[in-house]
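Just below sit the structures, each encoded as structure tokens.
In the two assemblies presented below, chain A is common to both, partnered first by chain B and then by chain C.
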Partner chain A sequence: MSNLPFDPLLLAIAIPLAVAVAIACGLPKRWSIRLAYVGFAAPALMALHAWFYFAGQTQVHGYAYLTNYSTGLDGIHGLGISLKLGLNGISLPLFVLAGLVGLAAGLYAIQSTAERLKIYLMLLLVMQAGLMGVFASVDVVFFYLFHELALIPTFIMIGIWGGRDRSYAAMKVTIYLTAGAMLSLIGLIALYVKSGAPSFDLITLRQIIAARPLGETVQNNIFALLMFGFGILVSLWPLHTWAPLGYGQAPSSAAMLHAGVLKKFGLYGLIQIALPLLPHGAAHWSHTLAALAAVGNVLIVGFITLAQRDLKQVIGYSSVMHMGYAFLGIACYSVLGAGGVVLLMVAHGLSVALLFLLATSIFHRTHTFELTEMGGLAQKTPVLAAFFVAATFASIGLPGFANFWGELTIFVALWQYSHCLTVIAISGVVISAVYGLRAAAKVFFGPPTEAFARVAAQHPPSDLNWREKVPALILLAALLFIGFWPKSLSTSLDATLHAVYAAPTSAGPTAGGPAVSGK
Partner chain B sequence: MLQPAILILLLPLLSAAVIALFLRRQGGIAAIVSTLTAASIAAMALILALHGGRGEDQVDWLTLGGFTLSLGVKFDDLAALMLVIVGIVGLCVHVFSLGYMHDDGAKARYFGGLSIFMFSMIGIVLADNLFMIFIFWELVGFSSYVLINHWHEKTSASDAAKKAFITNRVGDFGFLIGIIWCYWANGTVNLTQLGEHHVFSTAIPLLLFCGAVGKSAQLPLQVWLPDAMEGPTPVSALIHAATMVAAGIYMLCRIHVLMVPDALTVIMWTGAATALYAACCAIVQSDIKKVLAYSTLSQLGYMVAAFGLGSLATEENGIKVVIAAGVGAAMFHLTTHAFFKALLFLGSGSVIHGCHHEQNIFKMGGLRTKMPLTFWTFTLGVAAIIGLPGLAGFFSKDAILYLAFANNKAVFAVLAFTAVLTALYMTRVWRITFFGAARSESAAHAHEGGLTLTLPLIVLAVLAVIGGYVGIYPKVFTGVFELIPEAHGSDHTTILITSLVVLILGAGSALLFYKPSATDALEERSPGLFRLLASKLWFDEIYQWYIDKVQQRFALLLNFLEQIFLAGFIVRGGAGLVGLFGLGARALHVGKLNVYLYWFLAGVVVLWLFATGVL
Partner chain C sequence: MDIASLQTLAANNDWLAIMPELLLGCLALALLVLEIILPAKLHSRLPAVALLGVLALLVFQLLGFTAGFAEQESFNGLLVHSREGQVMRVFFLLAALLVGVISTISLAKQKLPHTEFYHILLVVTAAMMLLVQSNHFVMLFVALETVTIGLYILVSYFRSRPLTLEAGLKYLIMGALSSSILLFGIVLLYGVAGNPELPGHTASAMNLDSLHAFLAANRHNFLASIGIVLVLSGVAFKIAAFPFQIWVPDVYQGAPTPVTAFLAVASKGAGFLVLLVLARTFSPYAWLLAPVLTLMAGATLLFGSLGALTQHNVKRLMGLSGVSHAGFLLMGVVAAGTQSMAIGAIYFYLFAYLLASFAVFGVMALVAGPDDADQEISHYAGLAKDSPFLALVLAIGLGSLAGIPPLAGFMGKLFIFIAAFKAGLYGLLAVAIVGVVISSYYYFSWIRAAFFSSGTSSDGEATARPARTPVSFTAGLVLSLLAFGTVLLGLYQGVLGQWLNTR
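So, the complex of A and B:
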């Protein structure tokens, strides 16, 4: 049952890519759409398979499904680049996230009335292939290449299908993200060169560095490159201003995939590569990172979110705020902290994708994103209201949804690192409740505003239809499933983190229970 | 042994899921599913509590880096008692809702919400560790939000729901810090293990108390509870009177081993202040539900104060024993209060239903004859809360008064005075609502509701009468009720006299002062005092000022700085500088051959200078 006759990881990348190529070759629209279903469903099925049978797989160096495809570059010229695919406990949750959000975004795109739907779907499929590739790659070069593959369609989609300010947004997002990607690329290359490893694959890199750790200065410098490079990609304060603008302008499916999945690339890179390989660098920079995240992302951006009057801006800024928790978890440098970040990444990816999806569905009924021009929508669309309220509560960390586990474990881990920062971080829980519930109330409750009454008179709003409901249900079901059964992710995550973070955990918590810290 | 407990927990979750997935449009069936679930919970809770064993068990829920969060059940007498209360009141409220919400358009959502609430509340009751309490703690907050928001087309309801959740989150902010601190300080948050060993700390119990301040609406987070009356009345009875708001006291009793004298002092005075404050507010309310809401606040303050009064050293047969009397007294009052306050709320619901959704007591009157059953059951409820000897409230209030008398005379004075006020405002609302002539069209046409409305009233009235004897002669739940402080000898006489004087003073002055008329006697005779009490000490105004003038302005300022300074000046400015440089560079490329030639020659010269070392 668990041993497939094919490599699910390769298929998860190849099928969407093949469909994209087929569409590009001029397939008629009807067939394009039919194939697109396959292109979006295949990665999701592979991801679900990997999720449920991961434990039963034979694992080599902590990786399941480990396979190596020669690129012709391995060994020659001493570079050592090969398409090495595999999943460990850290990448599995994100692989699942990419599959599910990709399916939801794809289904939502297919039912959308986007112009030039074929090209739109093609770009989304390329992005989807790239995303699956990012989290399935064991080789650092391919990890980076797949990210670029997914990133470029984002720019194009913002530029063509974006909102009113799309050109400026596309330009700004491109410059920021390219700069971030470039910094991190320099960091990755430096890491490879300084380690003296014969290959870019992460397993070899880990072994070499474990045997011969890098010098402190080298670690500090490389970590800085990775931290700020990845930091830009994950909207670390104050390098975050591209995010709310970009998401505000991006078409819904692109925003879902980018905010939901692609943005996690940076955090994933920090947890999978930077922290374990550069522990000294991480310790050196952790104070800067934690301070920026707590004061900048959580407090300042939290307050800025309170001032937003546009629904998409609220979601965009809240997403920047929640990334602050992720950085705080990274700064802890512990299994618990890093594990919390992975849980939060998955949860946030699902919930923010759901929120962007629902925001677009709301827009189709209100013809505006301005919160002051809505109100009372719940009377006409109770199901949409229920979904949105559920998504809001998920994103503000209500237990029962996946987000709660991420936030809770990060808070618990953070207390060991700094009491003061924990208090700041937990105050964010109150702030997010304020803006989340305020937005939900403005859209759905109370009597309709005059502006909305006029719109509703012209276009009577109908409730969520099945073509919108199915992608929303996929995301909501995943949030609830992880929320009720966190072990479905945490068991393999814990095992991998223990192995990867094994060496320098003298400061971390011990298995028998925490050391008494107290004051 | 623990399977039945797990079943009780999961049954309402299943009911909520079935309603959400399949019965959205079938409100009638949803109501029956939810009510049957509540009935099974009540039955199983009674069987389990009275005949089942006690014990605890847990499974791992999440394990990450040495941190384990377990899903566990701790079923001791305290949990069993609370489970029975939740089961019985829950069933009464479900049955009452069948009638009260009969014509509501969103019945399925309402009953689904009740099921989620039952699930979350039972989770708090059964939880064996603080993280699990916190999880269900948040979930009851969510179900409370959904149910307060039931009539969401009213802005007041939607605002009240939002306010309730956010205010609770403010309390939970401290609560969560306390739990995390407790975890790292003690290495565990399991209630039993904490009982065996924990470090001495004042901050931890006080932070945990913050959770109770939010959930049980103690000063200064009391503002959400009166507003929560925007929800349907049965919800007010179940969530905002009998069970959820009492969860704060239950949680304190769960962690009483962590308490230290300084923390208890803070808790005691918070409770006493809330009791007195809310009783003062209740005197001037004209909305029947608001009177009951402030009364609930006041009674919750009583319980918190009782808990804060701490343990009591007594002598039995010459042996000195120290009992956790605070726990006993608080839980005893929680029990009796759950019955009589649910009764009063459902009675008010019956009145509101009978008067076609009129809630102003000055527009009622004469209901004694039109709604006799409601009148008599409400009368029993009033008699119980003001402490008429022999009824439930009398015993539990006396236990608290005695504990205060023994431990702290100042608190005793505050609580006794609060009891006077309680008798005063309850008699006032009783007199004005039920006596005299009908003072409005809707009151004139008032009528008694059907069996679903009256049956729960009868059941709760019986419990409000006999509920006290369970505590006085403990046969069941002995683990809790044996902790109830009992006065002996001269103390006994003092307390008895005090409570009789309190009763006569409060109820008597109300009967003399308030006549069933269309206006408030206090407002006419002493408008200054009335206005002071009606101001509720401007808590709402001060918070609103903070939100509008401080928090929102600060947010706008930061937003302005972000847009202008960061995204504008730095980012756009940076882009502009690059652009300017580009413009300059472009100016050099004018497209004329001779200009390029000059640049070339200049370049050659510079190179030559470099090469020869002149530069």
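So, the complex of A and C:
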């Protein structure tokens, strides 16, 4: 139900998929590239429309653009699985994120000189379709299914276009992510069976569980499944080791899409499904989650990041570290915390995608990712340096960038939850400032190292060209726009969170306040 | 004559109820006759005759020509034409058709008579169709033996190859052993049920309905429980469930590729249908069935996945991964004890497994050289570059077997998991997750060989591998249909779901 003559959500999924199929059917290269522009632009346009016209949409159960497509399974064994699309305040920011990062990754891939470019674009388009589907799905099975649709191309892209250790990395990422996905699938099935809902669609699940909350033990067990299943997918310490390895080896556009968007699937699942439906489970596990995230993701991984000498590893580990803040926000179990996590997810997605993009652009000029072999690039490439420093500032969480609002909100929520954890989390910001600024300094400033001087003599580095600038600009502009006007996302987010988190409060902890009393 | 009047007439004639099986048998005999009377140069057309015949029967079955007999008994209760039976008739005809297509590829590489192969294939198929409809131990045993004896011949069909002969011998010994165990179990049950001192004793204990009534009256008879375990063991051999799976790798490797596919899909499907029927008959002994089947399912899942992990030969890998699929299906059988939706899940899984397995076996037959037992994963190196079509079909097939959405195999696993969860089988589910994760490793390493390795070793020399068979029009069409069906069933389950529901 939208005031457009078509369903923008379905088109955002179908157009990239259709372009991918057309390329697979053997379109010539020139036309493949032209169509790929359409395939990447369409979801972004739909996302922008949703962003700015969300408030004007008719909303049913808090969802705008709600539509239902039958898969013929509705009546079979009373399973109730159908392709139900819609956006609420929680999924809207992520839908926007997926559209923008997808466009940037797509544009960057089109200008890249990857071998077998057609297959590369095709896989990226499939991934893009999956990503749009993940955040537009109201039905839990399709939510999972689209995630896998986006995940499979990642494995293949790491395996074919990855770096030196691609084979090992592809295998490791596959096994870890399969394990995580299976655990969360069982958790979702458990939720469906135990609630006794007639269908997998989230609206029905919410209504049924609000009327008849699950028992405490059941909630604890299901939340554990979802927490660790989604946790593996989001690289919760100590199950994070696939992430730096995978991102280090993945080709840039795949890393942008995975680290930027797909990884948010797990956090999104926790905020949209697990927290509101399993308040007791969330309260029961919040201490474990908070401890793992604060000590493991923020502190330990923070120190590991400090020790990295490879630019892509630094970015990979820093993204694992920032997921720690997101987990801390979730552990708070409050509207404030969850809202902060959603803002941080969007901000982190944009900034980490920008960093991976720029890292590859740096590699094209230095021919190495080793920080010790770089230096002084800023003299030759001032624009690239400016972009990278801005992305680093965003990633650290300086005011003016979207990340600031996400982190600030999480810290405020965390202060109400635990003072001690807040101190740890804020000291993490110092760590991230150290490694972020040091990486920027090593790459761009200071005298050129011998190794770099030799490379620069052979291939004189040129500044960012327009084909690299445009995708970078899209991401940076979005970061600044949200940084200066967070309200564009937070109004609807706030409304949805209040509606969703208020429903089960009679059974669970109070929304907006401290999560757990005592203990 | 219209269908309605045919059905009225048929209601009084049991023979019409098994018309598909009879026609299949006639077709098999006609093949032999045709080979004698036709000139030698026309003999190469005979496989096409067999395949077209099976295709025609499949169409008749899909149009519902025997639907008038649904839920009726015939031959004094020897057979029950259950709705499941109708579904499985289609399953077996489809399997026979696909095995036939793969055989045309594999047999072309051997200097062996062709017609007899199709003759036995059709006879075995007919026997399988009767097997799943039997409601009487005598019928069940005779049909099962017809299947098994036919398979003894088919397994050792490439008779000049030592590995094939070894496979044939192993299958013969193991098959004979399992048949005798099954027979012993049947005899025990028959003997106990005929004991006039027990309540509810019956002289017709061979009939599954009577046996069920007897078991319901004696829920803790010691001899009966031994009989039940022995009968289950006999069936466990056929579906290759732990601890009766040990013959699988050698037999799967030695048997010709199409026969391996037939064993993996049709024989397993028949075994599971028999198991479902028997589980229903033995339901008063749920106290015994549930733990035995649960243990069997968990061990089968783990053994299959772990065993497949170290295989380099793709036929052995398919065999052992098939064992883990049997574990998933067994999980469904356990769940079917309390959840009726599990039965639908098992059918869906079987059909998804059929489509995906035959896609993979079809590619295997095309990639294999003249030595059918020698099919290594390394032979697949560079397949994506040489033949993107085969690589794509292989990836879809293996992806579906590994349970990757949005392919049919994922939906099959999802339904089984939901059923198992509803039945409260949490321990089995945990084992199943481990199985899925392990299976993603070995399926992925096969896909990796096809897509990511170039086919040359580190010093630049091409690794030795047999020449690939060019894809004929029929093979290409069948493989694309299988791949398309796998994707379609993953995205839109209504096609099969509604059809299963109306049966």
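In this section, the second predicted complex is superposed on the first by the 500 of 519 C-alpha atoms of A that agree within 3 Å, B and C clash if a C-alpha of one lies under 4 Å from a C-alpha of the other, contacts with A are read in each partner's own complex, and residues count from 1 in each chain.
Basically, a contact is a pair of C-beta atoms (placed from the backbone, for glycine too) under 8 Å apart; a residue touches a chain by one contact, two chains touch by 3 or more.
Computed from a prediction, not measured in an experiment: that's the story for all the values here.
The superposed arrangement places chain B and chain C next to each other on chain A without a clash.
Once chain A of one complex is fitted onto chain A of the other, the partner contacts of A:160 are limited to chain C, with no touch recorded for chain B. With both complexes superposed, B is the one of chain B and chain C in contact with more chain A residues.
For the combined arrangement built by superposing the two complexes, chain A sits at the apex of an angle of 160 degrees to chain B and chain C, based on C-alpha centres and given in steps of 10.
When the two complexes are overlaid on their common chain A, residue A:67 makes contact with neither chain B nor chain C. Look at A:368: by the touch rule set out above, it reaches neither chain B nor chain C.
Once the two complexes are overlaid on the shared chain, A:183 sits against chain C while remaining clear of chain B. Within the superposed three-chain model, A:141 lies in touch with chain C and out of touch with chain B [touch as defined at top]. Look at A:207: by the touch rule set out above, it reaches neither chain B nor chain C. Contact with chain C, but none with chain B, is seen for A:193 once the two complexes are overlaid on the shared chain.
Once the two complexes are laid over each other on the shared chain, residue contacts for A:170 go to chain C alone; chain B is not touched.
Here the smallest spacing between CA atoms of chain B and those of chain C, following superposition, is 5 Å.
When the two complexes are laid over each other on chain A, chain A has residues 175 in contact with both chain B and chain C. Taken together, the chain A residues at the contact with chain C in this complex read 70-73, 75-79, 81, 141, 144-145, 148-149, 152, 155-156, 159-160, 166-167, 170-171, 174-175, 178-179, 182-183, 185-186, 189-190, 192-193.
In the complex of the two chains, the chain A residues touching chain B come out as 172, 175, 238, 241, 245, 300, 303-308, 334-340, 376, 378-379, 382-383, 389, 393, 398-400, 404-405, 408-409, 411-413, 415-416, 422-423, 426-427, 429-430, 433-434, 437-438, 441, 444-447, 486-487, 490-491, 493-494, 497-498, 508-514, 516-518. Across the complex, chain A is touched by residues 24, 60-67, 69, 106, 109, 131, 134-136, 138-139, 142, 145-146, 149, 152-155, 157-159, 162, 165-166, 169-170, 172-173, 176-177, 180-181, 183-185, 187-188, 199, 201, 551-552, 554-556, 558-559, 562, 566-567, 571, 575 of chain B. Remark: chain C residues 341, 344-345, 399, 404-406, 410, 414-415, 417-418, 421-422, 429, 433, 436-437, 440-441, 444-445, 448, 451-452, 491-495, 497-498, 500-501 touch chain A in the complex.
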